[in-house]
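Structures are listed in the sections that come next.
Below are two complexes that have chain A in common, paired first with chain B and then with chain C.
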Partner chain A sequence: MSATGKKKSISLEQRRQRTAYLYIAPAGILLIVFCLIPLLASFYISTQKMGVDLSKAKFVGLDNYTKIFTDRRFLQSVTITLKYTLVEIPLQMVIGVVLSALLAKNTPWNKLFRSIYFLPVIASAVTVGVTWQLVLHSNIGIFTYWLKLLGFSDVNLLNNTGTALYVVVFVAIWKTFGISTIILVSAIQNIPESLYEASAIDGAGKINQFFYVTLPGIMPSFWFLLMTRIIGSLQMFDIVYTLTRGGPSRTTTTLVVYIYDTAFNSLDKMGYATAMSEVLFVFIMIITVIMYAIMNKTSDD
Partner chain B sequence: MKKQICMALALSMVMTTGSAALVANAAEEKTTVVFWNSWTGGDGDTLEALVNKFNEESEDVYVDMTRTTSFSDMLQTSLPTGEAADLILLSTNEINRYGSYLRDMGDIWENTSLKEEDFSPAYMSMCYNDDTLYGIPFQISTYMMYYNKDLFEQAGVEKVPTTFDEWTAAAEAVSALSTDDNPIYGSGLFYCYNGQNQSVIQRFGTGYLIEGDEENGFKANLLENQAFADSMIWMKNLYDKGYNPQEQDIDSMMAAGQIGVMTNGGWLKGSLDASGVNYGVAMLPTVTGEDQKEYALADMASFMLTTSATDEEAAAAQKFIEWWMTGSGLAACETTNDVDYSNVTPNAEWSISMCYLNAYLPTSNSEEYQAVQILADLTPSETAQVQMFTAPGNLAYSDAASCQTDFVQDWLFNGPTDPTYDDVQEFFVNYQADLEDYISEYY
Partner chain C sequence: MEKGLVRTKSVSNVRVKNGVKYLPIFIMLCIFAFLLLAPLIWMCLGSFKTDTEVMQYPPKFFPVANALAENWRRVLSSIDFLNLTKNTVIYAVGCTIPGMFVNALAGYAFARFEFKGKNVLFLLFLATMMIPFQVIMVPLYLEVYYLGWLNTFWGLIIPKVASAYWIFLCRSAFQGLPKDLEDAARIDGMREFGIFWKIMLPLIRPAMITVFLLSINNCWNDLLWPLLVSSATDMRTLSNGLAMFIGDRTSEYSLAFTAATVSMLPMLVLYIFGQKYFVAGQATSGIKG
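Up next is the complex of A and B:
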């Protein structure tokens, strides 16, 4: 190849690269505007002492970060968030897997049940929170009434420090198990039928097929679901806020509810609240990276 | 026939367009004042009717009102961008928080016929911050005692409680009426609403949660405070003995005839009237029962102008405030047959029909206002404690209120049964420390 030809080919390569950059530019700009700049801005805010209206800002360095780890309410809300996650996630995943296995075939009944289970997913969290508040009301709730008919007295699930968090877990699962089920149903339907036929020839029954064909087949979707559910649980806000507002006695105050309360109900704690959300961001990022690593290893296996 | 239909359609189009144009012209000629508030309950309907009346009467101002439960969220997000309402109704406790986005209203005395000396100095002072006037008093929501007359009668309670011991005795007697099918509770304290709880806590004589002044320094006021300990022990015993439900929704239970005595503001009156429950209203008790007028623990809401308003809109809003104080109301309230309410101001009508105290002296001194016994009863002495939670200045208002919500719930749910003064000292150490943190942060 002549020197001129080489020069020409480099310039062609450069032109191609330029075109490629142009193609990804819109996505890049969106990432910069909606992710990178807010990320940097929120770090800047976390170094300030300022109100929710961002006025009267005063630079305090890393003081907000050092304060976090001596704040007993922060530590309490982290404990509650972890407790919520540890109870909600296993239940959610088990229910999702079992129901998806039962509803995988495209029969009319299965389609009907899938639609019914999906209804709470499209309902707004406010509607769900207020509705369950009425259903579980200690005085006028229909659920309370039924329990009273069964002989239970003084049923007060939402205003009891021992039960309120589990009510939140129940409502959160009720609202979201439909989407888990649908994702896993799609994954099951993508497993080649030949694998089931081969396993049947080898003498595997339904249960063995579930454990040795279905479960390995849905693992990529399962890990994706698990990861998004864990992130969602760590960011739990809407259902708690509409159902219990974090009470009674802060027993349902998750980390994001505490961050919100701190930011919007105090005179000048926007910076502190932002510092807490930065800590949450780092925590979620670490979990996501670990989950990705496990997911990739499992996929390779 | 087709021709006639076409003619009729064309005519109706012309008329519709014409009338729309007329409406548009009328709106265009008027200066629009965007007005946001959170009065979404029964009292809000009266406010809406009064604003509509103003819009009909005013030739140059149109008030575009939005009542919303998201008021606070809307305000916080729109004030920094200059897109908030021109006029808002806001608690004076929030002046510190939003001060930089509120307009100085000092020129209202020059722009309208209103005079500063016509407002009660005690309440007016709450509208000032560093000599800047940020609000004009709208209503004073004093907490009061609601009691169920029928339940009192059935339980043989003859005297309306004036002391906290009498409250407990009445609660015990009324609770005895409870059955499995119809649970009845003698007392109706909320565990989760800090205003309602503070209205009784401070009446024990505890003072503010943070006390002191700049000269002598500030101190947290939970520990070594006998009155505070007494208030906490009183509340805990009501819950532990089952006289008070562990419930947030006390209002509905009161309306359903399941509560003997409770504390709340005037906003409850509308729903109790609608429910048909036979209730009475009185001043909240104190320890001795003799110093009830020394406390008017209340939340005062004021008209405030935001920096989102232009000069023209601010001037137009001031005209509306002037009308509110001096115009004529709906003449719809018929509190007694002895007094003629046909010509009261919107401000007076609002106070009389909703049981809100009034800071505008021509209203509070009027024959119509004075004729309402409960308003006369609720009117405090001139030296009464009117602020809640914090030391004057309200710098730590939000944090102190939040701290109070926390410690009341923590105490009621996790405190020892049959508590003593020493239990209170031990339990509240962390909350005392929280308040001390606020002192170092704000003062």
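Up next is the complex of A and C:
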């Protein structure tokens, strides 16, 4: 009697296990076929000189990798990407922190500002690219005109090799700082009210509260945001593609734009492009590990 | 009692004082909001202007004439706008609806079942979030090419259905539900799938709406993937179709204004009605770290 009971319960357990595998299977199979297999294949592809026609693929060992570091265009695009990241990230984070501190309370005005600031996030890169191309157009652009009214002459920001990258930075921040603000606002709202009350009793003013309560309180979200923003910056593609197409004179050709061009606008460089993306992958991995280490350290403190 | 009174008074004093101090900040926030919206508003207004009006110097912010109907007619006749929209809708819905189902199912299994290899599998799923798209871009393109799916909806949709991110989001939502619920249903003799479909899934509706809206928005705005696998003229989506169109004829400005405005409108409507879900989606992605 008890034996059959036990047997039955095992089979129930097994049935539940089977159900679980069954439920995971559709998503699991799709992720394996369209994510993990391509990842494994990418390592193989990076050792090939090949285009779309696989029958013409030729094994070249690590040649693609050694070639990368003597490729002037690769080094140029890496420099551009790093420059972009170094300018974009600090600005983005400062704007995010300041605005979220100002807008954290759920007053009607703050809610309105938050929804306005978030609006560009939902626009497509194409809409954003077209809009800013027109807004900054050297003849018909309204911002160009306003800048001229403010006394600037010869405003042609998008076609100027000295300014185009900074325009891309500006537009990227314009499009995404709403995300940073929202994430940090919810982090601030999760800080217990009692901490503010305690610091107020200790005589801390708004500014001191910001530095001693708000900032430490949002650190976990801050680091996470910083990590995702850095990874995102290193993979910058959409806005460059729709705003400048990498020009003028390649001054905004970021690494991923270069990888895309190499892979799909030449006949036999898919292997080489993939090798470049592996280098980026390793770089991103290193940054992720470092950031996680910092994050764990700050949350231990 | 008295203490309470004193406290309210001091709070209201603080509020008045803060109100005055807050004014410069408020004005700054307003200017910021205006600068942020100005390009978008100018673009919308641009779709009302005629070509000559757009070309006038100095450029005007507000339109004089109303050429919206004419611009619309030209957009519809010069690019196959309706077809681009149709393709985008099929891509977005085709990705999102099956995606909600398979990702919720997987998230449910990870949240509510114990099974061998659960942690390893979950880590493996999470790891897929770490892979930058451009690393798998070439192999994925080749996969779609050799499946014969280039320039088909299959190629556009199927590789994008499963997403570790949505699985993660659904899992968190399912984890928040009480255990008694499924036990009660199980005692009532309900089948496992029935418990998932009829009881658990409706309970995480807010999370599912978030997934729905964000996924639609992602697909609608996706540029790189359609650029790769649906580049044939009749298979383009709004994103890559308009990118091509703008690249081809940069001189027809009022068309560019109109096309960009119209392609953004559906997302604007989604945002106005589902704002809190968009925000919730971003907020959870921040907290999970």
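Note that the second predicted complex is superposed on the first by the 262 of 301 C-alpha atoms of A that agree within 3 Å, B and C clash if a C-alpha of one lies under 4 Å from a C-alpha of the other, contacts with A are read in each partner's own complex, and residues count from 1 in each chain.
The rule is simple: a residue touches a chain if its C-beta (ideal position, glycine included) is under 8 Å from a C-beta of that chain, and two chains touch if they have at least 3 such contacts.
Predicted model, so just to flag it, every value in this text is computed and none were measured.
Novice: Will chain C clash with chain B on chain A after the two structures are superposed, or do they fit?
Specialist: clash
Novice: Identify the partner contact of A:I230: answer first if only chain B is touched, second if only chain C is, both if each is, neither if none is.
Specialist: neither
Novice: Touching A:S221, do we find chain B (first), chain C (second), both, or neither?
Specialist: The answer is second: A:S221 touches chain C but not chain B.
Novice: Of the two partner chains, chain B (first) and chain C (second), which one does A:V87 touch, if any: first, second, both, or neither?
Specialist: Neither partner.
Novice: With the two structures laid over each other on chain A, which partner does A:S249 touch: chain B (first), chain C (second), both, or neither?
Specialist: Once the two structures are laid over each other on A, A:S249 reaches chain B alone.
Novice: Just chain B (first), just chain C (second), both, or neither: which does A:F264 touch?
Specialist: both
Novice: First (chain B), second (chain C), both or neither: which does A:L157 touch?
Specialist: A:L157 contacts neither chain B nor chain C.
Novice: A:A101 in the overlay: touching chain B, chain C, both, or neither? Say first, second, both or neither.
Specialist: Neither: A:A101 stays clear of chain B and chain C.
Novice: On the A-aligned overlay, A:I140 touches which partner chain: chain B = first, chain C = second, or both, or neither?
Specialist: Once the two structures are laid over each other on A, A:I140 reaches both partners.
Novice: Once the shared chain is lined up, is A:V168 touching chain B (first), chain C (second), both, or neither of them?
Specialist: After superposing on A, A:V168 lies clear of both chain B and chain C.
Novice: Of the two partners chain B and chain C, indicate the one touching more residues belonging to chain A.
Specialist: C
Novice: Which stretch of chain B would you flag for clashing with chain C, going by 80-88, 296-304, 368-376 or 422-430?
Specialist: The segment of chain B occupying space taken by chain C is 80-88.
Novice: Residue by residue on chain A, keep only those touching chain B in one complex and chain C in the other, then list them.
Specialist: Touching chain B and chain C on chain A: residues 52, 54, 139-140, 245, 264.
Novice: Per the contact definition, I'd like the list of chain A residues that touch chain C in the complex.
Specialist: So the residues of chain A touching chain C come out as 16-17, 19-21, 23-24, 26-28, 30-31, 33-39, 41-42, 45, 52, 54, 102-103, 109, 113-127, 129-135, 139-145, 174, 179, 182-184, 186-187, 190, 220-221, 223-225, 227-228, 231, 235, 237-238, 241-242, 245, 256, 259-260, 263-264, 270, 273-274, 277-278, 280-281, 284-285, 288, 295.
Novice: Can you tell me which positions in chain C touch chain A when the two form their complex?
Specialist: That would be residues 25-26, 29, 32-33, 36-40, 42-43, 46, 54-55, 57-59, 61, 102-103, 105-106, 108-110, 113-116, 118, 121, 124-125, 128, 130-143, 145-146, 158-162, 164, 167, 192, 196, 217, 220-221, 223-224, 228, 238-240, 242-243, 246-247, 250, 253, 256-257, 259-260, 263-264, 267-268, 270-271, 275, 278-279, 282-283, 285-289 of chain C.
Novice: Hey, which residues of chain A end up touching chain B in the complex?
Specialist: For chain A paired with chain B, touching residues are 51-56, 72, 137-140, 153, 156, 159-161, 245, 247-250, 261, 264-267.
Novice: Chain A touches which residues of chain B in the complex?
Specialist: Checking each residue of chain B against chain A gives 72-73, 76, 79-80, 96-98, 100-101, 180, 183, 191-192, 245-249, 252-253, 256, 258, 395-399, 402, 406, 409-410, 412-414, 430, 442.
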